[in-house]
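Dropping a structure here in C-alpha cells format, bear with me for questions.
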Amino acid sequence: MQNNIGAPKGLSLSDPRVRAWLFQILTIAFVVGLGWYLFHNTQTNLQHRGITSGFDFLERSAGFGIAQHLIPYTEQDSYARVFVIGLLNTLLVTFIGIILATLLGFIIGVARLSPNWMISKLATVYVETFRNIPPLLQILFWYFAVFLTLPGPRGSINLSDTFFISNRGLNMPGASMAEGFWPFVVALVLAIIAIVLMVRLANRRFEATGEPFHKFWVGLFLFFGIPALCVLLFGAPVHWEMPQLKGFNFVGGWVLIPELLALTLALTIYTAAFIAEIVRSGIRSVSYGQTEAARSLGLREGPTLRKVIIPQALRVIIPPLTSQYLNLAKNSSLAAGIGYPEMVSLFAGTVLNQTGQAIEVIAITMSVYLAISISISLLMNWYNKRIALIER
Amino acid sequence: MSTHVFKPDMPPPVKAVGVVAWMRANLFSSWLNTLLTLFAVYLVWLIVPPLLQWSIFDANWVGTTRADCTKDGACWVFIQQRFGQFMYGYYPSELRWRVDLTVWLAVIGAAPLFISRFPRKAIYGLGFLLLYPIIAYTLLHGGYLGLATVPTSQWGGLMLTLVIATVGIVGALPLGILLALGRRSNMPAVKVVCVTFIEFWRGVPLITVLFMSSVMLPLFLPEGMSFDKLLRAMIGVILFQSAYIAEVVRGGLQAIPKGQYEAAAAMGLGYWRSMCLVILPQALKLVIPGIVNTFIALFKDTSLVIIIGLFDLLNSVKQAAADPTWLGMATEGYVFAALVFWIFCFGMSRYSMHLERKLDTGHKR
Amino acid sequence: MKMLKSTLAVVTAATALGISGFAQAGATLDAVQKKGFVQCGVSDGLPGFSVPDAKGNIVGIDADVCRAVAAAVFGDAKKVKFSQLNAKERFTALQSGEVDVLSRNTTWTSSRDAGMGLVFAGVTYYDGIGFLVNKKLGVSSAKELDGATICIQAGTTTELNVSDYFRANGLKYTPITFDTSDESAKSLESGRCDVLTSDKSQLYAQRSKLAAPTDYVVLPETISKEPLGPVVRKGDEEWFSIVKWTLFAMLNAEEMGITSKNVEAEAKATKNPDVGRMLGADGEYGKDLKLPKDWVVQIVKQVGNYGEVFEKNLGKETPLQIDRGLNALWNNGGIQYAPPVR
C-alpha cells in the first residue's frame, strides 16, 4: 500500500516508515527500560532488607486449618496444597455462580419482555435495583445482615429433619458410596449412550421421512428408567448420612458454609441482573420478521423460539455473556471481605502473611486469574466462531 | 340542499378501552398470563408490605442513642447520628465546609456543560477540566492560602468514594485513549505492548491490583521514595480503569466508517492530526454512554478500597456498625450505603441512556 | 538504523543506572528526620493497644511506643503519623518502607526475625493465646472444645498455634478466619463461631467491645508464648537501636522511679548516678544513638515510663483491667528487664 513515489531516498525522518520504526524502537526501549528499572529496584530492595525470595516456600508445611476444602487437607500439608484448595474454592463459587446466574438471568430477561405488565415491571425493578449496588456491599449484606442473624445450630430451622438452616450454614444429608454405586455409574453411562444413539436415529429418520419423534420424552424415560432398573437390581448407590446435632454443631452429612452461601447468592443476584439485560437485548435484536417468517412456514410457537429466535439471539448474547462470566470469576475475589477461603483471602492473604513473600504470592495469584480469564474467553471465542453467521 | 352530516363516532366497546381492557390485554390475556399475574402479585405482597413496615411505619426516626430505638422497625437514628462520618470520614468537622464548597463548585462549574446551547463549550470544558482539580486539591487537602492541611488519612466516607472515582476516571481517560489508539495501530510493537497491557489489567481482579499498589508499589520504587496511601490506591485504579476505557474507545474507533480515515488521509493530515481532528471527536462522541457506564462500574468498585484499609462510604458504615454503642445496626447501615450507591448509579445510568438517544447520529450500523 | 538502536540502548541503560544510583541513598533515621515525622504502623483498632478515639487520634500502648520514638528523635511526641494496618498487610507495609516502625501487637518468631527482612526491637507486652467463649456453652477448659468452630484473625501466629494445640490434644475444630478483629468479634457475637481465639490481651479488649461483655468468659488456658513488640526493617542498625533503646529507656525509667511528673526535677537535681547518666545530666549517651542529649527526658515527660503507659492504656482504671502479670518489672515478679544506659 505504501506509495514510494517521491519518497526521499535513504533514511530520513520525513519517511513515515522510518518514523514508524523509530517510534516502535522507542516504545520497546521504554517498556524494556521501565521493566528493568522496576526489576532492579525490587531486587535491590529485597537484597537490602534481607527478604527471602524464590518459590521454595511452596514446599513448606502450612500449619493452619482451613474451613472448607474440597480435597483432603491436614495442617501438615504444604503451601502448594493450600494454593490448590484456594483455587478449587474459587472455581467452585465461579462454577455455581455462573450456572445459577445464567438461569436466573435468562428468566428475568425473558420476563422483562413478557407481555404481562406485572411480570415485566417486576423484572425491571429487579434489574435496576441489583445492578446499581456494589457487589461487595451485597456480599456483606447477605453475610452479616442475613446469614449471621439466623439462629444457632440448636435453634436451627428444621426442614423435615433432613435439612437444617442455621448461622453455621445449610446442613444436609451427605452421600457416601454403597454397594450399588459402581453399577449405578455404569447404568448412567449406558443411559447417556442410549439417549445419544436415540437422538441420532430420530434425527436421521426425521430428515429422511419428515416424521417427528418424541425425542424429549423418550430421552427422559431412558435417563431415569435405566438407572432406576439398576437400583432395583443392585441396591441403592449411596448411603445418606443425616446431620446430627452433637456437641457444638451438627455432625455428619454435608454442610454449605454461610460464607459460601452468601457469596454465591450475592454474586448470582448481581450478575443475573446484567445477564438479564444481555438476554433482553439479544432477543430484541432478532427482528419480528423472523417470527412471522417462521410462523408462515408453519412452525408452532415452541419450535419458532427454539429453532429460529434463540439461535439468532445467542449470537448477540454470547460475547457480552462471556465478559459477565469473567466478571463473576473476578468478583469471587471479594470473598476476602467475609472470610470465604478462596484464592485471594486464603493464598494472597493468609499464605502471604505467614511467609511474607508478597511478590511471589501476588504474582501467582494474578497469573491464576489471568489464566482463568484467558481460558474462558478462548472457550467462548471458539463457541462464538462456531455459531457465527456465515454470510454469503 | 342538505349537507351530509356525519354522525358522531360510536364510543368504542367497553371491552376495548379503559382500565378493564388494559388489564385484559396486559394481565389476563390467557390463563397462563393470569397465573403469572397472580404469582407476581403474591410476590409483591410478600416483599413490599414487610419492607415498608420495617423501613417506614415501624421505623425509629428521632432520638440520639440506641435506647431511643424502641420500635421493631429500622433504627434510622443511627444513620442520623453517624451521618457526618458517612459523608466526610474523619475530616475535621469545623473544616467540612471545604468539602461542601468543592462539591458545589463542581456542580456549578459543570452545569454549563449540560446546557446544550452554551457557547464555546469545548474551551470552557477543557479549562474547567484543567483548573478544577487544582482548586479541588487545594480546598480538600489545604496547606496553601492559609488553609489548614487535612492529611488524606482523615479523608473518608462518601467524599473519599467520589474523590477516588472521579480521579480514577479523569486519569484513566487519556491513558485509555492512547491505549485504544495503540491497539489499533499498524505498528506491531506498539500493538503488542498495548494489547498485553490491556489484557493484563482486564484479566486480574481489582482487589489484587489494589493490594499490589498499596503494599507492593514501594518495593518497586527506589528506596526512600514513597507516597501517600490514597495516591497509591488511585494509581492502581487508574491503571486498571484505563484498560476498560481503552476497550470502550476501541469500540468507538471501530464504529467510524473507513471512509472517514481515508478522507482524513486524503486531506493530507498526518496520523495525530487526523486522529485529533477527524476520528477521535466522532469516536469519543459515540462512546460517551460507554464511558459513563464504565464510570458507574468504577464507582461501584471504589467500595473495594475497604480491603486496603481506606475509609470510603462502605468502610465507614462497617466501622460505625462495629461500635459497641450501636451494635446490631449493620442492616440499617448497609441499607443506607446501598441506597446512596443506588441513587448515584441509577442516576448516571439514566443519564447515559438519555445521552445514547441524543447522540445517536446514525453511525451505528 | 543500527547505530540508532545501539545509541538508544545505551541511553536507556544509562538513565536506568542513573536513577537506580540515587536509589541506594538514605537510612531510616535520615529519611525520618528529613520528612519530619515517624510513620508508625498500628493495628486496625484494638482497644488498649492502638485504637482511634472519637476524634480519630490513635491511643494505646503500641501507639505510645511510637510516640516515645518520636519524642526521642524530635523531642516532640506529636511528630508521628499512624497507618492502620490489618494483620495481612502489616509486614509488606514495613518491608516496602511504607512505615518506619511497626508497633502492632506482633509476635516475635524466628521466621519473622530471620526470613522476612524484619527485626524485632524488643518486647512491649508478654502475651499468650487464650480462648473467649460464651458462658452459655458451659465450657470451662480448652480441652472441652472438641468439634468447636473457632474464629481467628487471618494471617496471625494464632492460626498456627491453635492448629498445633488442637492437633497435639487430638481435638477437631473448624477455623473461620477474618481480616479484622471487628469482624471476628461480630461473628462470635452472632454465634457463627463458638470460640474467639487470639492473644489474651486482645481477648479482653475485644470482650470490652461486645454488647454484653459479661456473657463471655476467657478460658484459663494459655496455649502459647506470644511476645509482642515493635518491628523495624532489617539492615538499618541505627534505627533498630533507637527503637530498641526507646523501649529500654521507658523500662529503666520505671525501674528508677522516674515518672512524667518528676522527670524534669530529677534531670536537674538527681544524686543517683544511674539516673544522671540516663537523663543526660552526666555524659552524652544519647550521642551514640544519634539522639539529642535529653532524649530520655523527652520520652518520659511526653509519653511516660513503661508503668505509666501500661496503666493508662491497659491497667485497672481502663475497661480492660489487665494485671501486670508477666509484664511487671523483673524486681517485681515479672520478666520485663532492660539493660542499663551507660
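So that you can tell them apart, the chains are marked A, B and C in the order they are listed, and the count of residues begins at 1 in each.
Quick note on the criterion: a residue touches a chain if its C-beta (ideal position, glycine included) is under 8 Å from a C-beta of that chain, and two chains touch if they have at least 3 such contacts.
These figures come from a predicted structure and were not determined experimentally.
Colleague: Which chain pair is joined by more contacting C-beta pairs, B-C or A-B?
Modeller: Between B-C and A-B, contacts are more numerous in A-B.
Colleague: Quick one: point me to the chain whose Cα centre is farthest from that of chain B.
Modeller: The chain lying farthest from chain B is C.
Colleague: Just curious, how far off is chain C from chain A if you go by their C-alpha centres, in Å?
Modeller: Averaging C-alpha atoms per chain gives centres 42 Å apart.
Colleague: Which whole number of Å gives the spacing of the CA centres of chain A and chain B?
Modeller: Between these chains, centre-to-centre, one finds 26 Å.
Colleague: If you average the CA atoms of chain B and of chain C, how many Å lie between those two points?
Modeller: 40
Colleague: Mind pulling the residue numbers of chain C that touch at least two other chains?
Modeller: Where chain C meets two or more other chains at a single residue, that happens at 19-20, 23-24, 92, 95-97, 179, 186.
Colleague: In chain B, which residues are in touch with two or more of the other chains?
Modeller: 211, 215-216, 219, 222-223, 307, 318, 330
Colleague: Which positions in chain A touch two or more other chains at once?
Modeller: 25, 41, 44-46, 48, 144, 336-337, 358
Colleague: What residues on chain A touch chain C, complex-wise?
Modeller: Counting only chain A, the residues touching chain C are 11, 21-22, 25-26, 29-30, 32-33, 36-37, 40-41, 44-46, 48-52, 63-67, 75, 144, 148-149, 151-152, 167-168, 246-249, 251, 258-259, 336-339, 341, 345, 349-350, 352-354, 356, 358.
Colleague: Which residues of chain C touch chain A in the complex?
Modeller: It is residues 1, 4-5, 8-9, 12-13, 15-16, 19-20, 23-24, 87-88, 90-92, 95-97, 112, 115-118, 137, 146-149, 154-156, 159-160, 162-164, 166-167, 173-179, 183, 186-187, 190-192, 194, 233-235 of chain C that touch chain A.
Colleague: Going by the contact rule set out above, which residues of chain C touch chain B in the complex?
Modeller: 19-20, 22-26, 31, 44-45, 52, 55-56, 81-86, 89, 92-93, 95-98, 179, 182, 185-186, 189, 208-211
Colleague: Can you check the complex and tell me which residues of chain B touch chain C?
Modeller: For chain B paired with chain C, touching residues are 90, 151, 153-154, 211, 214-219, 222-226, 229, 307-309, 318-319, 322, 324, 327-328, 330.
Colleague: Using the touch definition from the top, list the residues of chain A that touch chain B in their complex.
Modeller: Spelled out, the residues of chain A in touch with chain B are 20, 23-25, 27-28, 31, 38, 41-42, 44-46, 48, 114-119, 122, 128-129, 131-138, 140-141, 144-145, 326, 330-331, 333-334, 336-337, 344, 348, 358-359, 362, 365-366, 369-370, 373-374.
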